[in-house]
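Here subunit A shows up in two complexes: once beside subunit B, once beside subunit C.
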Partner chain A sequence: RVSSDGEPPKFQPPPKPVIIDRKTQKEERRFLSPEFIPPRGRTDPLKYYIERKDMIQRRKVFNIPEFYVGHVLAVTTADPYASDKSKRFVGICIQRGGKGLGATFVLRNVIEDQGVEICYELYSPRIQAIEVLKLEKRLDENLMYLRDALPEYSTFDVNMKPVPRMDHEEIPVNKLQVRMKPKPWSKRWERPKYNIKGIKFELPEHKMKAAQKWSQPWLEFDMLREYDTSKIEEKIWKELSEELEK
Partner chain B sequence: MMPIWTKSGEKHAVTLLKVQDCHVLRYISKEESGGKTARLLVGGKNASPFSKLESAHEIFKEAGVPRKQKVTTFNVTDDAIIKPGTPLYAAHFRPGQFVDVTAKTIGKGFQGVVKRWGFKGQPASHGQTKTHRRPGAISTNKAAKVYRGKKMPGKMGNIYRTSFGLKVWRINTKHDIIYVNGSVPGYTNCLVKVRDSKLPTYKDCNKNPPFPTFFADGDEELPEDLFDEEIFQFTDPSVTFA
Partner chain C sequence: SITGACRAIQKLTCVRVVDNSTLGNTPYHRPPKCIHVYNKTGVGKVGDKILLAIKGEKKKALIVGHKMPGSTMTPRFDSNNVVLIEDSGNPIGTRIKTPIPYTLRRREGEFSKVLAIARNFV
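Here is the complex of A and B:
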């Protein structure tokens, strides 16, 4: 190297290596499946504790992967009437409902121009495998509006290969705005009650304004509706991680 | 209520009943009670002794037990008499048994004839003047009176009702919980009376029940969970049809 003063270049120590501890970064993101959180009510907490024990027992034997609404899943179930005694269905997860052992998720796909939705129970013993094919979150938690969207948004290839995941950190959010079929729709999705951000509304301005008539701006300030689940989630997460490590 | 799956993959809904501090309070012999069989008074769920008079506490003091919220009678044969003061546990019942459950139904207050008795009412339009949920005619012309027991509006609910022939799927001995098939009258966390079924089809269904009852200080040690044969246990792998 050419030095500025004619003297031999000063020894520059190599830059210190930056240690990225992948393990601690992985632990920062925790996913607690929504069916573990008990609903608000006057039931004895003992009932939820016993239900959680059963759920953990099932999870030890059968792996239920982490998934959100908007992921594309493939589910294999046992069927006594099929020739191979098992059925495989691929679809996008539209909604996740139910609490406890009765938790369900609905998968939607369009097969040969016919829209098909199947509601599976997460803890049913007939499910033999759940594979996550494509990981992506959407802008909403409930994708029921796909029923009134153009069929291209709900079609997924049945023999799709699982998309490989690069990082074990962030799940990408797909900000896709879906185009709809002409009205009438099964529900009035433009109304503020559904709070949908994932539709590209091509309705005229006055219709969008008229829909805002049904908005209830006081709902977000209603204190009786608040259900703070952070402490409950902490406890349940501790319980879960202890049991699953055994 | 919870779902339960059988080994063939079918789902059944199940109610959880907890046996909370049940003790036998008193033995009444056949002659004393004047019935066909001897009786045992059983109390459940401890309650505070300060909200009732001292005279009501006699039964509990004799048995040596805190005051109970509910006291019921069970008709028992002479060989099934238990000493007053013994605690009763959920292991008294076994999976595969059939059971009758009695409880007070949810009170609905004063209700009209449509909700209480399921009457159809009248149409909403086509000239009906102020008559949409009324009973209509209450008797005939020839009778010239209204019969006793005529279905009319009144207080609905808050009466004892029984669901018969419910199968016991599972018993948790650690927390004293009985998993009973189907639904049971009453609101969540209400007090309930569980008896062996009186239906003739389930007369011989008990193979080897703990007789007269399950004693906790006895020799046999039960596992924490007792399952029926047909239940899918979560420790097994997923169901496959061969």
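Here is the complex of A and C:
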């Protein structure tokens, strides 16, 4: 380029290359699927060890993405009675239950004013693909109250495109306060037993106070109910990383 | 539907008619209720035939979806859905907007006409 003065342009050194060490960043954040953690009980840990081996085998063949309750997923399953032998269902994950190979998750969507929920097994060979369309955690781990909420909170477009994910670090928490249909509800969600933070209760004050009668504040201090999973998680994480590297 | 914690369909359950027939869609002061389930057990699941009482008349119907959770991979609906049917098995309505489970396709021979008028499958 020639500048207006006729002199050669000032030398500008090239920008320094920014080295992003992606390997260390990925190692910092690890997600252990909740179905790997064995429940508290007196069963032989050998059973859980064998189940974990089978789960890892399945994960090597089929990619199960990391997802939490509140994500919007699209699942394609094989079905002999469907056209093209496969069917696709899009929905928000309400609940993740079960441990080991029987781990399930429930997807909910409202199609043509009709609420539909399907309970899928994570490790079922009938599942052909799981795609995460929208990544967001909610304030609770159990979104069963969406059944009694206004249908607009459970509707998701079937042809929704996957929302591109920006950071590889954090999963955004959606602090949405959901509005409910008028009572009666399927469960009394205002009671402290459910400990729900994601509902905008429009009930009068005396009803909220009356619901607090059923609170059990001693439960959080109960030592017999404690289940510390940090050490178990460490062991399982080591096992997993060894097996997956093979 | 009006019933609260109802499970599968049995006698005296209120039911929601899902096709576009006049009998199912005209408002009446009483909701359509099941009077009899054509089953060995009195409990109706998806694909069973029942007798409904609508607007003072008796009509047969086919269960298309219920609130009770079934096996995994099968859909669970938020209301007990039903399609009005004749004795021969021909549906009375001409269109079914609400989604219908794929499991009904197994009995293609009996329900072929109902499946033909269905739009969405789940």
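The rule we apply is simple: the second predicted complex is superposed on the first by the 225 of 246 C-alpha atoms of A that agree within 3 Å, B and C clash if a C-alpha of one lies under 4 Å from a C-alpha of the other, contacts with A are read in each partner's own complex, and residues count from 1 in each chain.
Criterion: contacts are C-beta pairs under 8 Å (C-beta built on N, C-alpha and C of every residue); 3 or more make two chains touch, one makes a residue touch a chain.
In this text the structure is predicted, and so the values were computed from the model without any measurement.
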Partner chain(s) touched by A:Pro184 [first = subunit B, second = subunit C, both, neither]: second
Touched partner set for A:Lys10, first subunit B, second subunit C, both or neither: neither
Touched partner set for A:Pro125, first subunit B, second subunit C, both or neither: first
Which superposed partner A:Val61 touches (first subunit B, second subunit C, both, neither): first
Which of subunit B and subunit C A:Leu101 touches, first, second, both or neither: first
Partner chain(s) touched by A:Arg42 [first = subunit B, second = subunit C, both, neither]: first
Subunit B versus subunit C as contact partner of A:Asp79, first or second or both or neither: both
Partner chain in contact with A:Ile50 - subunit B first, subunit C second, else both or neither: first
Intersection of subunit A interface sets (partners subunit B, subunit C): 79, 121, 124, 126
In the complex, subunit B residues that touch subunit A: 2-3, 5, 9, 11, 16, 18, 172, 175, 177, 188-189, 232, 234-242
Touch list for subunit C against partner subunit A, complex: 4-5, 65, 69, 72-79, 81, 97-99, 102-103, 105-106, 120-122
Touch list for subunit A against partner subunit C, complex: 77, 79, 81-82, 87, 89, 104, 111-121, 124, 126, 147, 184, 186
Complex contact set, residues of subunit A against subunit B: 41-44, 46-47, 50-51, 54, 57-58, 61-62, 78-80, 85-86, 100-102, 121, 123-128
